[in-house]
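Notes follow once the structure below has been shown.
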């Protein structure tokens, strides 16, 4: 299942990103589950059109943060707003930690679900190219139950990339992929997402350093955001890029401290 | 959520591993889904009491192989047998690619599910120590729905380690864990699983090289197993162990070729 | 027959079509209704409670009902009047198994007596028992609802009240069981008309009913004159009803049909009304004219 | 092709085996318990009645079959509409549910006059009565299914900018299909008795009519002949519904 | 503490609002359609009948309540046992299902003589008749739930060396609980009519008896008074069942 990247058109020609996409501002955010406080007056800001990699120890609150931004969790207090002052919830594409494929829909129909939900006409060409790019061209009509874990995740990625949204939120989108497939998907994602505001949760410092303009670490309980690390150079950075090595090391140190 | 490893007793005192555990022999294995052939007369063999890391591109058939060994999929042809000549299906502990936590049971009850299913008395001490070791001591009574992705996975790990079985099959058991937590869990797993026959699917070459005695790569379609790489030194290997670096590179090269 | 502009009359039967309706059936057979220039549709209900309501609500023209019920309807303010009588004597009887050794009322003491919910069961049974110096609490009353015969046959009860002397009696004999029959009117119950035809007060005077009565009378007389021929015709028209039971019932009921359906015996109606009032089944006694009229 | 043909034969054979097996059991019960004919007639007696009254039974069977289909259709429609609208609005559910529950506790004879008053003696009153019995299990089960939709799917749909209607149409309906299936199965199973109850409202046709009638006349064999036909209809309908559901639920796990 | 008290008050208030709302609707219908008292009596008329016959209605209500509870209990037991055993053996299911489906198409009057023959005119025949109506939705829904258990959970249990019984006990039963809930809800909703149908077999007490009797005497207000009490029981039972299920299904997603 080799990946044809040549056919991927650069994202800036995408409808969704004609206007420079806004960043995301999280203000005075507080989230409590019972007496368990996840965030207490958290403030952070991601810059528009950039990919911010979000890291942090398991259970610190990454997914919760993403869901709040997506408008899926009502925070106890505080608000989320675009740097352009408009709400963001209706401008995002969201890829959750589970693939959430609908078991009764074929891979193709799952990928184009958004269009049908919004009563838009399905862009078959785009969808099929995406499936090809994630290496599922042959599994077009397959039901999710007949896919392997990684294939399911790739279908979910295709579904997310199919959405032309200025802001993209991804929760550990590549964790079920083997090193090689992952590397290819990285490049695909970098291309397709270039120019959009992306918030990407990952546990792989290398991945973060390869794809991120900024690296952000959530730490502590209640969680606070450390100062973002800016990575030099344009993603996707090649594995032997010195910046990569540098910021990865930096990141690991940060994570160590965050314990 | 710091990990107390000190309290982890070495596995060789475990009931399950008093007798030297057998290896697993897969013979003339064929698996077809419709006209899609996953394995065609596959033969492989893992040595007893050792941890074999199983790698391979997404969709090659790793999970299928594990499920066949676990007796969860009826292969089209061929058989799986212990190196001691006895069937293995009833001697394994299995951790699937999904956590499969039962939503109506607390974390503790999920971890001790096996005991209740076999009408054994629940070993509370062992279960609680495990929960402590995977950093869920505080989430004892929590329902899975209230856990983060990584916490769910750690609960599943605890559930698997709770089982005293000579053969352990794990399908990407650490993929949802952040680097630090993962490193700690690695050490825990290495200790608890020491002396047992382990087949561990992973996508992280570093992980494979840290934990594995042998590294095995599935490749091609139908899938064939490359010759296993033996890694020098005892796992868990420290990140700066030269063997680690070496075999990791070797592995990456193999994976590249396998495309 | 003047088929043109025949006036329609919907008549809801009290229960499924059976030999009790012979006069109507025969009137149909011999085209008596057509001759009168009316067209009668017979509708079968499954639940006897429905027909009077529908006539009261003008959803149907006529309904077959029972005189005892008529008082309750009137008492409840249903705008209904009796305009004709089909069977002018009670069919109701107390039916016992000979094998149970019951020969007279006095033998009923501590026996199980089944009844179906006619509404008058306590009054009737109580009065009958009184003639033997017994009261309701001397016996064991069991509601067997519609399964009068099977309850008797299986010995679940010793007797049943509200049985029809023309039906259940014959049925029991068919199953080789000899019944003891005690007719209610022989045990202190005022005689009454078992089957009557009700119309709505507001249009009881409608001339089409006169025509109906005339036709009904013709039917009755023809029936009495040609019992077996009319039975043949009936059996032919309703193969599912062509059986020994109905055949016997057809013959046995002949004697019970009112020769002059329209005729009203006001005194009898008053007497039965008094009987019900005295058993508190109706709150007050209305003048007969309020619920029963005779269309001359 | 041949394989499927084979399995089809096998299926038919099994069906036949079960059928004759049940008849045999019935026979044994009737004889073994020495039940008189007016209690439980033996198969041959009923068969005789069936044959003797074949034409007239057939006519009535058609009427009932028609009532069953219409009743089931109306009941389904009603049930689905109610379930969906309740899934849409919690408040509506609060107001509607008690009514629906109450509607199930009304005996037909209390309702019959009203039904006839409004719908006359024609088939419509019977269909209405049947639908009244059938709609509830469908509505209840389907509503249950709709409200238990995997939240993650709904969240995903929301992030994709789906209107509540779109969420319902593309996610919740499909997700609740297994639950709807359970409801439909129950509905189909009680559809025949529903039709019979409908005929209780007053009719001059249909198997219910035949049974009541025969029952009133102690023609027990006829009654059971009609009942036999009704049972065949019931099992047939059940079978069809199962096939339809198997087709619709191709994606749902099924250990059976 | 106070909060819950508040919500409890709110709930009670809402219940009252709904109750009076429905009464109002009933009133409007009765008056608006100019329905005579012998078709649909107005609330005050029924209230009067209720008050006048309170003692006697109360006595009969108790009988019916008792029948409902016993019928529901027996029906549940039967339904669960059948569902579980069918979930255990596909062959058993093949043989049993047709019987169950047929059992649902047998009208009570055809069965009554047998029930009385075997169980007499006491309460047992009524309970049996009620259970016969109630068990089916429970069995069907629960069985459906059992067979749709997430396969992954069963696989896990198998690898843990669980016997089929253990799998059933620890995994499938709990997993099928929502489906069982749907079945139980339907069963509870039809339990009252089940009891009434039971009394149809022939009884000397109970609300069904009262209704039949009042119906024969054209005492429509009394009939509806009894019906009113029956409805209250139905709604009450429904409410209780819902609370129980809410408690049992603490873990199941619920959008409502």
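Should a chain be cited, it is by its letter among A, B, C, D and E, assigned in written order, with residues numbered from 1 in that chain.
Everything that follows uses one rule, which is that contacts are C-beta pairs under 8 Å (C-beta built on N, C-alpha and C of every residue); 3 or more make two chains touch, one makes a residue touch a chain.
Note that the structure is a prediction, hence the values are computed from the model and not measured.
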Would you mind naming the chains that touch chain B and likewise touch chain C?
E
Once the contact rule is applied, which chains count as partners of both chain A and chain C?
D
Under the over-half criterion for shared residue numbers, do copies chain A and chain B use the same patch or different patches to meet?
same
Based on mean C-alpha positions, I'd like to know which chain lies farthest from chain A.
C
Please indicate which chain is farthest from chain B, where distance is taken between mean Cα coordinates of the chains.
C
If you average the Cα atoms of chain A and of chain D to get two centres, how far apart are those centres in Å?
49
Between the Cα centroids of chain A and chain B the separation in whole angstrom comes to 28
In whole angstrom, how far does the Cα centroid of chain C sit from the Cα centroid of chain D?
37
Of all residues in chain D, which are in touch with two or more distinct other chains?
38-39, 109, 113, 117, 208, 212, 215, 252
Within chain B, the set of residues that touch 2 or more other chains is 98
Residue numbers in chain C touching 2 or more other chains?
47, 49, 53, 57, 146, 150, 154
Indicate which of the five shapes (line, ring, star, complete, other) describes how the chains touch one another.
other
Could you list each pair of chains that touch one another?
A-B, A-D, B-E, C-D, C-E, D-E
Could you pull out which chain C residues touch chain E in their complex?
47-49, 52-53, 56-57, 69, 72-73, 75-78, 114, 117-119, 141-147, 150-151, 154, 156, 281
For chain D, which residues count as touching chain E in their complex?
14, 18-19, 21-22, 35, 38-40, 87, 90, 93-95, 97-102, 104-107, 109-110, 113-114, 117, 136-137, 140-141, 144-151, 154, 178-179, 181-183, 185-186, 189-190, 192-193, 196-197, 208, 211-212, 215, 223-224, 227, 230-231, 233-235, 238, 252-256
Please give the residue numbers of chain B that touch chain A in the complex, ascending.
1-2, 33, 55-59, 62-63, 97-98, 135, 146-151, 154, 171-172, 175-182, 203-205, 252, 255-256, 258-259
Which residues, counting only chain D, touch chain A once they are in their complex?
152-153, 155-162, 166-167, 170-171, 174, 177, 250-252
Okay, in this complex, where on chain E does chain C touch?
36-39, 109, 112-113, 116-117, 120-121, 200-204, 209, 212-213, 215-220
